[in-house]
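Shared chain: subunit A. Partners: subunit B in the first complex, subunit C in the second.
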Partner chain A sequence: MHPNERLPPLPRSWWLKHRYFIAYMVREATVLPLLFFAVCLLAGLIALLRGEASWMNWLAFMGSAPVLLLNGLALAASLYHAWTFFQLFPRVMPLRIAGRPLPHQAVVAAQWAGVAVVTLISLWLFMGGAR
Partner chain B sequence: MSDKPSRRQAFDEPLWWGLFSAGGVCFAVFVPAAILCLALLAPLGVVPLDAERARSMLFSLPGLLFVGAVICLPLFHAAHRIRHGCFDLRLGHDGVNKWLTYGSAASLSAAALTGVLIGMLM
Partner chain C sequence: MSTKSIRIKRYLPEQAEEAFWQRYEVPVDDSTSLLDALNHVKEELDSSLSYRWSCRMAICGSCGVMVNGIPKLGCKTFLRDYPDEVRIEPLAHFPVRRDLMVDMEIFLEHLAAVKPWLIDEASNAAEPNRQTPAQLARYKQFANCINCGLCYSACPQFGLNPEFLGPAAIALAHRYNLDSRDHGKAQRMPELNRHEGVWSCTFVGFCSEVCPKHVDPAAAVNQGKVESAKHTLIALFRG
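Coming up: the complex of A and B.
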């Protein structure tokens, strides 16, 4: 587990030595733009509580180029995370239907279909579909 | 603060791992749509989102669930990965990092949920 006193500590650059380790660290880093997006949303929530003018300011802040860029990065990070996460699921929990193992690709595809459905429902809701 | 594993870890780690896991599902399934609608399409004016409409959408029971799925659980997911990332890079001490990361996730989550509840009462 965590601290291991029997081994000498690795140099901080250990993960640069192999592309799998780099991919691992990139996946770990996907939470940094996610954190930015979550804090943005929290700021939006507070702006909404403060009233109309604050909300308009928040929308303007969200529309500024650096913020749009960071949130675009957050979208890319969330999709990269999803890609790694969906491949993990059939390996951690192999599913069987009528005794036959379900192909991994089918489970991954079903999860992407879930993302597509959630995205379409969200777009429909935000476009004013529920009014 | 010592980095030695304490006996207590055996009791609380499943909680953090469970929150991390639930947050991972939300990060993959709900967060992309939320970023697309709220952080890209709404500020660009593609999606109409005036204050009145935002209030009616957010300050409701579905709004509370939305905050849980798009802010709170992903924050615990992020906290877990940041804590372990710090450990991988040997930054700080795990005992302290644990308090900082999960503590921040818990505080921000509490603030977000309280915000929605205040909005519902307003």
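Coming up: the complex of A and C.
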């Protein structure tokens, strides 16, 4: 028998012991509101296929207070997840230009710049700029 | 010089089955390390206390303990930074043998499994291995590991499944894989590709927070995932 097999298993509450672990679990839990948002989008696509009445119902559903609240939470969760992901990215994929390592802050800043660009393009598209 | 009260988790298997807490009063000033305090207990108060130490300068990696639940090197931890209580326990996720001494056998097994040495069957031992500063810079950070095991005590995935190779072993595998003098990557990848290899890591990242040598094992493990994915894809296309 290996010595470690005699160790008691970690309690389910292991992640409550340190704020670092709690932050990790929050990061992982961001998937829950995002899952809700993804299901909403899928329902929207189905509603679109079904016809106008179904689509108007979906629009009303998306505009209701609890759904707005949950999707607001999903937006906050995705921004928090992005914040953690952008910081981890340069450590996982250290980039080099002409043999010199790129500073981590530059990679993080470039990713946020990417978010800003995508947001601006989306706003322009969906606010009727493309019409 | 004032005194400070520290609590140590004792485990004396020939006296009691259960571990118990014991309090000691130790003299402290601004330069008193936790290891100094343990040495004071051993020499002046209670010679039955068992713990490991050697270099007292964060090089040997022997004096790892949990301080208020966080893995630390005793020699690199100063009591001046703990105005309140100080609880000292053996490193988490390892079986305790006696007092603050743990059995690190499984860590040593994981370490040996990834062959953390230069593998170059074609090399002529009489010839020096040349390496440029740029080639050295690619792995140098990961070569600073002192095998203290703090990262294993910080890692909940290792705590949940001790078969996980763990941060230090994977960091050292990655260190040799990145070394221009090494040609052993093909031998190490099967270990890293396993579920208990790099893929058990969920990037909690606490291993890198507690590392006393700033090795950033979490980065090494997750760079290892990129390598593992590449290795698997290439093997798939080769058939």
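Remarks
Here is the rule we go by: the second predicted complex is superposed on the first by the 124 of 131 C-alpha atoms of A that agree within 3 Å, B and C clash if a C-alpha of one lies under 4 Å from a C-alpha of the other, contacts with A are read in each partner's own complex, and residues count from 1 in each chain.
Throughout what follows, contacts are C-beta pairs under 8 Å (C-beta built on N, C-alpha and C of every residue); 3 or more make two chains touch, one makes a residue touch a chain.
As the structure is a prediction and not an experimental result, all values here were calculated from the model.
Contacts of A:A109 after superposition on the shared chain: neither subunit B nor subunit C is touched. After overlaying the two complexes on the shared chain, residue contacts for A:M56 are found with subunit B alone; subunit C is out of touch. Which of subunit B and subunit C touches more residues of subunit A: that partner is B. Touch criterion not met for A:L69: it reaches neither subunit B nor subunit C. Of the two partner chains placed by the overlay, only subunit C lies in contact with A:M93; subunit B stays clear of it.
In the overlay built on the shared chain, the residue A:G128 is in contact with subunit B alone; subunit C does not reach it. Judged by the touch definition given at the top, the superposed model places A:W15 against both subunit B and subunit C. Within the superposed three-chain model, A:L7 lies in touch with subunit C and out of touch with subunit B [touch as defined at top]. The intersection of subunit A residues touching subunit B with those touching subunit C, taken from the two complexes, comprises 2-3, 9-10, 15, 28.
Subunit C makes touch with subunit A in their complex at residues 69-70, 93-95, 103, 105-106, 134, 137, 156, 159-160, 162, 202-206, 209, 216, 218-219, 222-223, 225-226.
For subunit A in complex with subunit C, the residues that touch the partner chain are 2-7, 9-10, 14-15, 17-18, 20-21, 24, 28, 88, 91-94, 99, 101.
Within the complex formed with subunit B, the subunit A residues making contact are 1-3, 9-10, 12, 15, 25, 28-32, 34-35, 37-42, 44-46, 48-49, 51-52, 55-56, 59-60, 62-63, 67-68, 71-72, 74-75, 78-79, 81-82, 85-86, 111, 114-115, 118-119, 121-123, 125-128. Listed in rising order, the residues of subunit B touching subunit A in the complex are 3-5, 24-25, 27-45, 47-51, 54-55, 57-59, 67, 70-71, 74-75, 77-78, 81-82, 84-85, 87-90, 94, 108, 111-112, 115-116, 118-119, 122.
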